[in-house]
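There are structures below to look over.
You will see two complexes here that share subunit A, one where it goes with subunit B and one where it goes with subunit C.
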Partner chain A sequence: MAHQAHSYHMVDPSPWPIFGAAAALLTTSGLIMWFHYSSTTLLTMGLLSMLLVMLQWWRDVVRESTFQGHHTPTVQKGLRYGMILFITSEAFFFLGFFWAFFHSSLAPTPELGGQWPPTGVKPLNPLEVPLLNTAILLASGVTVTWAHHSITEGNRKQAIHALTLTILLGFYFTALQAMEYHEASFSIADSVYGSTFFVATGFHGLHVIIGSSFLTVCLLRLIKFHFTPNHHFGFEAAAWYWHFVDIIWLFLYMSMYWWGSC
Partner chain B sequence: MYYKFNGFTQRLVGAAASTAYNPQKADGLPVHLKRGVPDKLLYRTTMALTIGGTIYCLVALYMASQPRSQK
Partner chain C sequence: MGERPCGPRGRSPARSPSGPAAQGRLLWAGLHPPLLWAAPRLPRATRAIRPPRPRPSAPPLPLPPPPPPEALIAAAAAMASRLLRVGAALRLLPAATARAAPARHFAAPGDLATDEEQATGLERKVMEAMNKGLDPYSMFRPKRYAGTKEDPNLVPSITDKRIVGCVCEEDNSCVIWFWLHKGEAQRCPSCGSHYKLIPHELPH
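Now for the complex of A and B:
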């Protein structure tokens, strides 16, 4: 029986990377068919296959780590680097949208009435729901840290309570933001104000939903005893991602909601 | 699992965790097929969707690239 003489993980051959690439092809060409030919078949196939690939790929990572024991400290170090690099790339993604916002708002064109917010645009009051949303996300940052400390201290009941609370706060934020979108007096089509506002806050909202899903999976794993006080990187990765989502919101709030409404 | 009623001990067979799937069994199965039938079904569904979809996509893109017929 062969044994490895190193601490890395040589994974079993897997179909998920190439199926994931195919899913990306179907999703992007599906968007084209939807925009130009009003057909949603390809897009549906793309999103469905993307979901299936994500579920099975990440299920396999849980099998390899929790059930087969392949995640040595060396492997975990690589995963830490990977998650940090991924979050950094997401930060650059949002940087682009902030650039677009400042480009248009620092020197508003005559077509906008030479002012920001543009003539006729009534912005959302930053001291109403947006301020509540800020408090909600800050509180969720506290509860996820509470959950982490509970895990490292081996306190199962508190960890489950704290993580559940974090997820509920995330859902509360999403619900409030959806209501704000519905109630806003301006739409995405209302000049570059609408474009920058809804694209940036929209992508942020998508990341809140992704982060909430990641945390929910962690809660299920926590309940099923997958985490130990010393080894729970899946949870740490979810917590890093959640803090990132919170920080992006703080920048959105300060720039678009507060400064951008004066 | 099933009840085995013949013999002196009447017991439930196949309910213990050790008779369920063992993720560390050296059976040559890759991790994405380790649980057997449910894994195979999901894998084949995903493959059908992605490969079928890719073919459909190429056909749709070929048709979309044709110039529109003159009126």
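Now for the complex of A and C:
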């Protein structure tokens, strides 16, 4: 055991940061090769290496925390700040796309017919599938909170049920949204309407997939008894992220689906 | 006045590399050719992650009545305060000695294990020290003393000296820094408050 007089975690040397940087380089240059030269080799290598780095890095974090006990309350506090800062940065990421949407929709140009939705664009009915999606995500927020309360009470069975339900609702949302994308009468190429709509909802959908994956990992860890009623920050981080995804959807729904379709 | 040069008295204890962390550093320095890094290994003798040991004679609990609305609101408020709460560390250190820590019970079979059963490594050491009301890892604010000759500020240290920063009066922005050495109590050069070094063993 390390002989330290502080409660922080001095992490052992690890190759994942530099491998992650290499994966990012492969991915970004792979995107360029795909966009401009129709080659997907580099992109595939990049995404594959990114996946491997993520799996192994986070596997090591679980080892360091659950199995080696390095995550003292001090370390946990730092992780909490980190997750909050990360989610804040994601909020700013979406803020940009909302800005773009409002820039184009509040003062529609003559090329669009001076109206929003632009001439010829038939928007999705906000009271149909998008409303169902809203209900699904709100319900998943309830179930994830149920799971959290179950964990703090030590009730493993209920926690597993609630977290499984949350993940299933997440999958349901993704499936419905994929179907909407397929069935929509407009595409990303249909003026700035298509651009703002599909980029914003597309990134949101990606975040739903990321959040569902995070929750799935938490479910596996919950089943394997990693969490205790007082120490389960991995789950809390996943729940924060999931609530964030839900809130972004609410803003998307109100601005793009509802206001943007009138 | 109270400041003495560090000089020949100021030698940190020799730290020879030992333990997996230091071995990791050696490995990273390339001293062991076949391995490039030391991925955290699952310790061999670690407790296997398995359901908690069944406790003898745990009577089946009757279904509790539904909680009153006040309890639900209280539960919601408690959950909200978890956002930045540092788990058990919010329990005030002096108060922790007065009552048993809530984590110190054993879970029923089939429930999640408690920290008391499952915490390991430094997390466990911190938890056990906090349950005894100790703070060997300096996680909390230092205790306040009168600072007089009879009741000097006690400063724990793992060596024979430690840096002290004296905020002589509340809200002072000029912190008075000085080395506090083992032996007779020293006084802050600015406000004269007394400080005494209490050397103790490194927590293992």
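One rule holds in what follows: the second predicted complex is superposed on the first by the 260 of 262 C-alpha atoms of A that agree within 3 Å, B and C clash if a C-alpha of one lies under 4 Å from a C-alpha of the other, contacts with A are read in each partner's own complex, and residues count from 1 in each chain.
What we mean here is this: contacts are C-beta pairs under 8 Å (C-beta built on N, C-alpha and C of every residue); 3 or more make two chains touch, one makes a residue touch a chain.
The structure displayed is predicted, hence computed values, not measured ones.
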{"item": "Per-residue contact with subunit A, leading partner among subunit C and subunit B", "value": "C"}
{"item": "Touched partner set for A:53, first subunit B, second subunit C, both or neither", "value": "first"}
{"item": "Subunit B versus subunit C as contact partner of A:63, first or second or both or neither", "value": "both"}
{"item": "Subunit B versus subunit C as contact partner of A:260, first or second or both or neither", "value": "neither"}
{"item": "First, second, both or neither for A:13, with subunit B first and subunit C second", "value": "both"}
{"item": "Partner chain in contact with A:130 - subunit B first, subunit C second, else both or neither", "value": "neither"}
{"item": "First, second, both or neither for A:37, with subunit B first and subunit C second", "value": "first"}
{"item": "First, second, both or neither for A:25, with subunit B first and subunit C second", "value": "first"}
{"item": "First, second, both or neither for A:72, with subunit B first and subunit C second", "value": "second"}
{"item": "Subunit B and subunit C contact sites that coincide on subunit A, given as residue numbers", "value": "1, 12-15, 56, 60, 63-64, 67-69"}
{"item": "Interfacial residue positions of subunit A with respect to subunit B in the complex", "value": "1, 11-16, 19, 22-23, 25-26, 29-30, 32-33, 36-37, 41-42, 45-46, 48-49, 52-53, 56, 60, 63-64, 67-69"}
{"item": "Interfacial residue positions of subunit C with respect to subunit A in the complex", "value": "15, 19-22, 24-25, 27-28, 36-43, 46, 49-52, 75, 79, 82-84, 86-89, 102-103, 107-108, 110-115, 117-124, 126, 136-139, 158, 202-204"}
{"item": "Touching residues (chain side subunit A, partner subunit C) in the complex", "value": "1-7, 9-10, 12-15, 56, 60, 63-64, 66-74, 76-77, 80-81, 145, 148-149, 151-152, 154-157, 159, 224-231, 236"}
{"item": "Subunit A-facing residues of subunit B, complex", "value": "23-24, 26, 30-32, 34, 42-43, 45-47, 49-54, 56-57, 60-61, 64"}
